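Right after this note come the structures.
Shared between the two complexes below is chain A, which has chain B as its partner in the first and chain C in the second.
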Partner chain A sequence: MTTQSLELNVAAEFTRTPGPRKRSEGEYSGEEFLSLLLRPRFIAALEAGVSLRVNLDCAAGYPTSFLEEAFGGLAREFGSEKVAANIELSCDDEPYLVEDIKKFIREAKTTR
Partner chain B sequence: MRWLIGGLLLVIGALAGWLLPVVTGLQLGHTVEVGSLFHALATLVVALLIGYLYSEHSSSKRADTGLLLESLREAKAAFAALQQAALPCHRTKKLTQQEQTALTVAERELSNAIHSFEYAVSCCKIRPHLIDVDKLKDARAVLKDSLTDTPFPGPYDASARSRINSSFKSVRDELTGIAFAVSRR
Partner chain C sequence: MKRLITRGKWKRHLAERTRSQAQARARFADYRRRRNAALARPAHPKKFHKTSRIEAPREFSLIQNPNEMIRFFKEIEGLAETRNVFVDMAGVSALTPDAIAGLLAAIHHGARTSAHFSGNVPKDGRLSDILNRSGFREYVTNREGAQFRSSFGKVRKHSGSRETMQTNFNQVVANDLVEFAVQAITGTPGPHGPSYSILGEAMLNTLNHASRGKDPEPWWASVFFDAERRRSCFTFIDQGVGIFKSHRLTLSLKLLEGLSILDNAQILERLFHGDIPSTTKIPGRGNGIPFMYNHHKANRIKNFTVLANNAIGGAETESYRMLRESFNGTILYWEIGE
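This part shows the complex of A and B:
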């Protein structure tokens, strides 16, 4: 278990109004978040041997498609166990989101 | 108030016991046995204790029910607001940016209201089988998916719109069922 972590704040670094699943469907998509921030930061955390702490507070709300594409997409790429072991989620605004995202990571299929 | 009525009845009983021989001219014996007096006193103490405990339990339960119903009213208001925000999903066009944000904000309000209700239930001494919050949470999750998973942000086809309608119905039914369970407990 790592004791240090890299930070990723969705509202401060990406948007306060997360959008749809794919770039083609609109702005601030889960696909865009995955490629611009989540994947690079996750790789950096793995290389540094620390966990990635994702803060989901201060956004207007998270569509299921955004969360599934971003976190499920990361799990499809790196494997559910690896992602679950190296990512920490925090959301005081919507505490139940943490469980929802863990489910997306756990149940990520190879294609969606 | 209940104690006042009890005290009044006690005074009326004592007065009636004193006045009855005077009014009717009956000759009553006035021998007092210490054992009987103790029995009467013990019975009185037990009756008062039971009355007190029941009164405490009853007022605590009434307060809990009031708070739970208030919390449930907030969830119902959030549910109604989400229904309004979801109306554009029934058009055959993609949601505008403003409509997307309104939908996710309204969905979050409902989810938070249900989360608060779950917390309220955990604060009350309720037997878990009486109020099934898990079923409500599951229905909430299905509703969220029907609104904000693919094909969000639309257009929603007939099958997606049908799923939205049935998900709304499930949440409404759960809220109604819980309202009855809270009121009747």
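This part shows the complex of A and C:
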């Protein structure tokens, strides 16, 4: 059996209570999530030629800054198109988050 | 004569002596600093003998009666500089939970002097019940050991509400407040992502933008369950500089504001709608309030209201207006439930 995607479960592997944008602002930041889990797992998925499936369920919620720093940060590093093409998002608890994150990926390099 | 100290030993001795002298000087300087700081603090804080009575506005609601409430809070803080304060709430005929959190913040602000705070409850039994269940009186009695004097970082639990005062980003507290709010509505504690997100963003804004000096401003967050309407009401208050003094406007907006073409209420409306660009020039910034507004538009939260400096905006009615009185800080208010 072949695996079509790598999995990343935020609540199970990182925290149920995501925090601020930057490490300096508090624990479980978007910056920390990006460097510890999201970026390495994304690179691993690229190398394996599969997509990265990020599951956002079972968390208390996600501050906008956390999501922007993590997913926008990934897109700033690898390019919005590459990230959008290689990442799958799932969130049954808060389905609107999927669209929000896609927006952060799309507008990662845009200054509002 | 035998040469007791060789050249190398002597050098090492000198270096060691210099090091130990420097350490001793540093220790003494530290001691002096501590001693002077201790001497500067009075052993017994001065107690005020005079007490002034201040009458609360009849409509005790920040979101519905902001001008009178802001003036009332300023008066409390002003009086507390020189005397004790008795807050007379007997005549209050309408009361909303945001005002209770606001009063707690004002009292805490005032209590930085040694003013003694006391007060009474509204004559209206329903309103006094709201006030008592909110835990308000436990905060204002100001007796020795009362928790509000040392409540930085602590979470208060009450039968009807939960309040906390913090100075940093604390997602555990945010989660605790949200679970409390959900439990009040559904009977079991649970998550509410939008509220958690708003609390997080509000804390971050306070941490990064609201501070008057180097130290972060304390913030107050409260949840109150309105049993009649089956809604949990969140209030977040920071007594920092407020959005319009912290938000660096772009040149074009500054120009429009300077020419009185745009007032703060109109700028607040644009901020809600995501039309105010981030002046940090960093990609991905400036999403906080527009996303809160989106939560309201998508009916994930209700009655989202922002009061900042001299402007108030409500997403429910899409009304944005200027205030006569200016609040030093920012207040976010929203509800969840039926």
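Assume the second predicted complex is superposed on the first by the 106 of 112 C-alpha atoms of A that agree within 3 Å, B and C clash if a C-alpha of one lies under 4 Å from a C-alpha of the other, contacts with A are read in each partner's own complex, and residues count from 1 in each chain.
Assume contacts are C-beta pairs under 8 Å (C-beta built on N, C-alpha and C of every residue); 3 or more make two chains touch, one makes a residue touch a chain.
Keep in mind that what you see is a predicted model, and the values were worked out from it rather than measured.
J.: If we overlay the two complexes on their shared chain A, which of chain B and chain C does A:R76 touch? Say first, second, both or neither.
T.: second
J.: Count the residues of chain A touched by chain B and by chain C, then name the partner with the higher count.
T.: C
J.: For A:Y96, is the partner it touches chain B (first), chain C (second), both, or none of the two (neither)?
T.: Touch partners of A:Y96: chain B and chain C.
J.: In the superposed arrangement, which partner chain does A:E107 touch: chain B (first), chain C (second), both, or neither?
T.: A:E107 contacts chain C only, not chain B.
J.: Based on the A-chain superposition described above, do chain B and chain C contact any of the same residues on chain A, and if so which?
T.: In the superposed arrangement, which is not itself an observed complex, chain A uses residues 17-21, 25-27, 60-66, 68, 93-94, 96, 100 for both chain B and chain C.
J.: In the complex, go through chain A and note every residue touching chain C.
T.: Listed in rising order, the residues are 16-21, 25-28, 59-66, 68-69, 72-73, 76, 93-94, 96-97, 100, 104, 107-112.
J.: What residues on chain A touch chain B, complex-wise?
T.: Residues in contact with chain B: 17-21, 25-27, 60-66, 68, 93-96, 100.
J.: Using the touch definition up top, name the residues of chain B that touch chain A in the complex.
T.: It is residues 97, 100-101, 104-105, 107-108, 111-112, 115, 137, 141, 144-145, 148-150, 152-153 of chain B that touch chain A.
J.: Where on chain C is chain A touching in the complex?
T.: Counting only chain C, the residues touching chain A are 168-172, 174-175, 178, 191-197, 200-201, 203-204, 207-208, 274, 277-278, 281-288, 291, 298, 300.
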